[in-house]
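Chain naming follows the written order as A, B, C and D, and within any one chain the residues start at number 1.
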Amino acid sequence: MSTYGDKIKLTVFGESHGDGIGCVLDNIPAGICIDMDKVLTQMARRAPGKDKTSTPRLEKDFPIVKSGILDGVTTGAPISCFIENTNTRSGDYSNLLDKPRPGHADYTAYIKYDGKNDIRGGGHFSGRLTAPIVFAGAVARQILEQKGIKIAAHIASIGGVSDERFNPVDIPDELIERLNTETFALIDKDKEAAMRDVIEKARMDLDSVGGVVECAVTGVPVGIGGPLFDGIEGKISQAVFGIPAVKGVEFGSGFACAEARGSENNDSFVFEDGKVKTATNNCGGILGGISDGMPIIFRAAFKPTPSIAKEQKTVNLTTGENTTLSVKGRHDPCIVPRAVSVVEAVAALAVLDMVTL
Amino acid sequence: MSTYGDKIKLTVFGESHGDGIGCVLDNIPAGICIDMDKVLTQMARRAPGKDKTSTPRLEKDFPIVKSGILDGVTTGAPISCFIENTNTRSGDYSNLLDKPRPGHADYTAYIKYDGKNDIRGGGHFSGRLTAPIVFAGAVARQILEQKGIKIAAHIASIGGVSDERFNPVDIPDELIERLNTETFALIDKDKEAAMRDVIEKARMDLDSVGGVVECAVTGVPVGIGGPLFDGIEGKISQAVFGIPAVKGVEFGSGFACAEARGSENNDSFVFEDGKVKTATNNCGGILGGISDGMPIIFRAAFKPTPSIAKEQKTVNLTTGENTTLSVKGRHDPCIVPRAVSVVEAVAALAVLDMVTL
Amino acid sequence: MSTYGDKIKLTVFGESHGDGIGCVLDNIPAGICIDMDKVLTQMARRAPGKDKTSTPRLEKDFPIVKSGILDGVTTGAPISCFIENTNTRSGDYSNLLDKPRPGHADYTAYIKYDGKNDIRGGGHFSGRLTAPIVFAGAVARQILEQKGIKIAAHIASIGGVSDERFNPVDIPDELIERLNTETFALIDKDKEAAMRDVIEKARMDLDSVGGVVECAVTGVPVGIGGPLFDGIEGKISQAVFGIPAVKGVEFGSGFACAEARGSENNDSFVFEDGKVKTATNNCGGILGGISDGMPIIFRAAFKPTPSIAKEQKTVNLTTGENTTLSVKGRHDPCIVPRAVSVVEAVAALAVLDMVTL
Amino acid sequence: MSTYGDKIKLTVFGESHGDGIGCVLDNIPAGICIDMDKVLTQMARRAPGKDKTSTPRLEKDFPIVKSGILDGVTTGAPISCFIENTNTRSGDYSNLLDKPRPGHADYTAYIKYDGKNDIRGGGHFSGRLTAPIVFAGAVARQILEQKGIKIAAHIASIGGVSDERFNPVDIPDELIERLNTETFALIDKDKEAAMRDVIEKARMDLDSVGGVVECAVTGVPVGIGGPLFDGIEGKISQAVFGIPAVKGVEFGSGFACAEARGSENNDSFVFEDGKVKTATNNCGGILGGISDGMPIIFRAAFKPTPSIAKEQKTVNLTTGENTTLSVKGRHDPCIVPRAVSVVEAVAALAVLDMVTL
C-alpha cells in the first residue's frame, strides 16, 4: 500500500508521466491554520531545476488542494492535493521497456506487475512521488510547530565530503530556521563548494554520487512512542525507508555504538533547571522506543542516483541476452540536496502520527 | 501497540518479573507441521546462562503452546504461547525506583506510564520479551522453509572485532544450516576467541560492549514488497527496530553506498542459467522496495548493554538531586551473540508477512 | 478515517461544495481490464436528476482517472479518481450555520470539528461522497466478475411498499444483469407504480420517506471470511454502515431469526450435483463468519431523507434559543432508488477485500 | 484475524477443547484501578450452568491475568488473560468429523482450514471464546465508567416474547446498575416467566430458540466517531457481528425507520438546561456517524442455538451421501440470556476504542 500512518493516514498516488500525482492526508484536526506560502517553500526546496546538481526537468509542482482546507483553515475532512504532470518527455524512456535499468525498480516492478505497470519515468516508483509527500509533510510540520516541535535536516555528507553534525544536546532555533529555507542545507556552509565539486565531477564522468542526510526533531515531549514494535525508531525508519534510494537509517550514535562500551555510550541523566536531561545524546533522544525529551536525531543513507549516462551492463528481457544500456533523460547526478526536505517531511509525518491522540 | 504485521499478526505480552510472558501469532494457515524441537533449538540459542558472555539468570524458557497447534499441526486458529517466569529476583531492582538507569527505558517509561509500569527487570521493556518473539519467528521460518526461503544471521562485529561478511551473491545452504544452530554464530570461527576476549575485558571492567548482526534471507521470489511505504526495507526495519538496543539498520552496501558512485553501486543485471541475476548485490536484494531474487541482506547495530556495574551518573527523581548508580543484578556484558537468533526471528516474521497472501 | 479495507484500501475525499470529490483505491492488481462504460453506467444509476424522486441538482459526476489505469488496464499503482463539483448553490445553506438540521450531522460535526468543518451541502458528510464510492465499487465488481462473483441489489421496500425478496438459494444471472442496469431496481416491476406513489405523496407533503435495499452476492467460493471479528457479517456491515442514512443491516433471515426455532432456522446440508449446498439459506450464505458457497444475502435499512421542506423544531446555536427550520435546497424525497448502486458498490469493495490475497 | 480495535487492540485466542482460551488487550493506559470482583461478576453472567436455559457444562471460567495488571492497577503493558479449559468431554464430538452440523461453522471451517482445524466443541468458533471477550469488556467498561460512560443491555425478546424497550431519551443509572448484575436481564421482570416458558418448551421439543438483545450506552460525549467508514454504527456493528450467532444489528429506530417519514423520524433539537438535546432518539444517539450526546441505542438479533438434539438433515463429507444428525452434547436451548453480557462487553470495547485518544 502506498499508505503511511496509524492515527494520521497519508495515501500517495500518481505516476511520473501520467496525468498527475497527489496525496490524501486524513485525520488532521479541524481548525488548523495552514500557511500555504510555507508549504510552497518546502515544495520549492524539493523541486528540480534549481541548479546543475539536479535534473533540468522543470515542473511547476504546484499543489492544488481539492478538499480539507477552506479559507486557509483545515476543515477536519481529508486533505487532498493534486499536482499536474506538465513537462513529460516519455520518448526518452522507450528503450527501457526491454532493458531494465540497474539500480532501478524496472525489473522488480516488471515481475511484480506482470509488465503492466507504467514504466515511463519510473511510474509510481519515480522520485517525483516525493512531491506530494513534501506537501503532506509541510502541512504536518505546521501542526507540530504549534505544539513546539521543530524539524530540520541537512546534508551530512556527499560522496565522502562531510558537513558538521548537529550538536545532539543543543540545536538552536536559529539553525533550524536557517536550514528550513535552504536548498543546499549545511550547518557549515563552507563545505558547499567541496560538495558541489564532488557532484560536478560525477556529472562530468556521466556518473552520480550518494550521501547522507541528518535530521533533528526538537521539542518532542518525554513519553512519546512505546516499547517493542511501537518504538520511535521503527516508526520513523518505516517512513524514511519509504523515500526511494534510502538504504540505511541510524539513530543517535547509530552504527558507531556497536564499537563503544556501555560506559561511553550510556547518556547520563542530569538535572538542569529542574528538568531531567541527558549530558550526551548517543541514544538520539529515544530510550526503550520512547522519547526522553532531548532532540531526536537520525541519519539516512542515500544511494547514488541509479540513472547514469555511463554505459552499464543489463539484460534484454525480450531476447534473453546480456546487453548494455546508457540511461538517457534528465537526471540528478546527486539527489541528496533535494532529499533534505523529503527527510524532514517524513520525519514530520512520523512524529505527527505519534503525537496525535 | 506491542503488535507487528499486517497479514500475519504477532502480539507480545508479559513483563520480566510478572507471572510470565508470551505471544499470540495470528493468521498462520492451517495444516502446517511445526517441529517443536526446531523451535526449542532457536529458543535455546537466545536463552541466557550458556556461558560467561551472558547473564547467569537461568530460565527454562519453555514455550507452552495453549492453542493453534494440535498434534504438531497448525489448526488455523491463533497460535498462543506462554513462558513462565521462574527465576526472578526482584529485590535486585528495589533501588531503581528512584534512580533511572542510564541507557534504559526507566525514565521514559516512568513518564509515559506515570510511574505505574512494572519496573522490576525492565518490565515490558526487558530483553526477556524477545523470547516469545523467537518462538514466533521459529514457527514463521518453518513455514518459510516450506517455500524455499531460508534465513541466517551471524555476529558481524563485536566491539570492533569483525567477522567476514556474507558473500551477498552466494550464500550456501550449508553455511545457513551451520549458523542456524550455533550460539556464537560466526562465518569465520577463528574470530571467536578475539571477540570473546573483547567481551571478557569489558566484563572485567564492569562494563559492556556493542556489536553488529548481519542477516541474510535467501530464496525470496522476485516481486515481493512494493513501492514507497510498502517497501521491504521499511517492513524489515520496523521489525528489527522492535528489538531492544537496535539503533541502526542498513541494507546491502548500506551507509557505505553514500560514499560510492552510481557506476560502482548499481548492480548489473546478467542472465545466468536463463535467470536474471545481479553481478553484485549492493542493493541487498531490494530494488524499489521489491525483492529482485538475490539474497536480502541487512545489518543491525546493537548498542552496548546499558546495565553496567560501573558507577554512572543519574538523577534521583524523588529528591530532584543528581546522584550516581551502579546497576546490580545479572546482566550480559554483550547481548550480541544471543541477539543473532532474535534478528533471524524478526526477519522471518517480516518476510512471512510479505509473502503471506 | 474516511478509509475502508485491509487488503485493498479505499480512501474517499472531498466536500459537497468544494472543488471536487474523489477517491484513491489501492492494492488493485496490475493487468485488470477496466471497462469505463460499465463504470459510468453504475455512476449514472447513482447520479441525481433522473426524475422526480431525486434531487434536481444536476452533476455530470464524471470520474477523471488520474493514475493507476493506463490504456484501460490497471497498472498496479493506486487508482485515483477525481469528480468536479460543478453545480453548487451554496447560498441555499447560509441559514444553516446557526440552526442544525434535524437528522443531519450539522450539530455533531459542529462539535467534533469545533465549527471549522465545511457546512455547505453537508461538506464531507454529503450523500454526494457516495459518488466516488460507486466509482471504486464499479472497478471492484469488474475484478470480482472475472472471478465469477456477481452482485445485485434491489429496492426491497419503500415506505412500507415491498418488492419480492430474492430467492436466497437461486438467483439467476439474468436477474442480476437486469437489476445491474436499472435506476429503479425491482424484482417485481409491477411494484414500481405503488412505490413511486408513496414517494410522490411524501414530496407533495414536503416530507420524505425511507426504505430497505436487499443485496445478493453470488459465486463467492466456500471458505472466505473467518471467525469472530474477521467474519463476513462484520466486514460487510462496516462497509454498509459507511453509507450515510443506513441504520440497520441484517443477513439471511436477519431479525426474523430471533423469533424462529433452531429446527426452522438451521439450513440443512444436501449434496446436489456432487456439491454441498444448503436446502434453505436463512444464514445468508455465512456460517461462523465464513462463506458456505450459497448466495450472500443482506438487507440495509435507510432512514427517510432528513432534509425536508416541512417546518421542524431545532435550536439556534448562536442565540441559545429553540427555533424552527424549513430546509431549502434541492433534496431527494427518497434516496433509496439511488442507494441501490451504492449498496452494490460497498458490497463489491467488502467482498473484494476478503477474496484478495 | 481474531483481533478488534484500532486504538485499543483485543486479540482473542484458544479453542473450546484445547488447553485453554484467553486474550490480550493492548494499549490500555497505565494507572487504571481494575476491580477484579466486578470483572468476575460480568464473567459469571456469561458463564454456563446457572439454570436450565443454559448448557450444563460447568466451567470455572476463572481469568488468570498474566501481565499488564500489578496490584490491581494497570501497568500500561498489554493485559493478558488466560482461562483454562477444565471440563471438556471431547468424545461427544467424535461423530461430527464427517457430518457438519447445520447452522454451525463445521463445514465452512472444514473447507477454509482444509480439515485441519480443531473441530472439538467448535474449536475457535465456539461460543466459549466469548468468555475472554467478556473479560476484556469488563476491563474496558471500568475505564469508561471513570469517564462517566455506562453500558447496559437486556433481553429485548426471546422467541417472540418481548420485554419493554429502553426509553431512548432517558435511561436512569439505577436501571443500568440493576441490569448489570442480572443473569436474566429484563427491564420488565414480569416478562421472565413467559420467556423462560418459551425456552423450556423449545428444550422439551429438543429444539432451540433465538432472540434480540438491546443495548444502551449513556454518557458518551458529543463528537465521538466520524463520517463514512469511521462512523459509530460501523464500529459497533463490526464488534457485535464478532459475537457468534448475531445476524442483524440496528441502531435507534432501526429497520422501522424504513417505513417512517422524515418528519416522524427526524429528532428535533431542543435546548434543555442549557444543553442541546433531541426530543426523540430515533437516530440512536448517532448523526453522521458521530455521537450527539443522547444514549447510543442498538439491538442485535441472535439466531436460535444451532445445536439441537432434534434430528436434522446433513451430509456425510466422507461418503458423499445425504444423511441425518442429532447433535449430542451439552447445549443451551437459548443463548440470549448469557449473550447480554457479551453484547455489553463488545459495546464497551467499541466505545473505548472510539473515545481512546
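One rule holds for everything that comes next: contacts are C-beta pairs under 8 Å (C-beta built on N, C-alpha and C of every residue); 3 or more make two chains touch, one makes a residue touch a chain.
Small disclaimer: the values here were computed from a predicted structure and weren't measured.
Between chain B and chain D, the least number of touch steps comes to 1.
Relative to chain A, the most remote chain by averaged C-alpha coordinates is D. Each chain gets a centre from the mean of its Cα atoms; for chain A and chain C, those two points are 39 Å apart.
The centroid of the Cα atoms in chain C and the matching centroid in chain D are 27 Å apart. Centres computed as Cα averages put chain A at a distance of 46 Å from chain D.
Annotation for chain C: residues 1-3, 12, 77, 109, 112, 124, 227 touch two or more other chains.
Of all the residues in chain B, the ones that touch chain A in their complex are 1-4, 10, 12, 100, 102-105, 107-109, 111-112, 124-125, 129, 157-160, 202, 205, 207-212, 222-231, 233-235, 237-239, 241-242, 244, 246-255, 257-271, 274, 276, 278-279, 282-284, 287-292, 301-308, 310, 312-315, 317, 320-322. Listed in rising order, the residues of chain A touching chain C in the complex are 1-3, 9, 11-15, 18-22, 24, 26-27, 30-31, 64-68, 70, 73-80, 82, 109, 112-118, 123-124.
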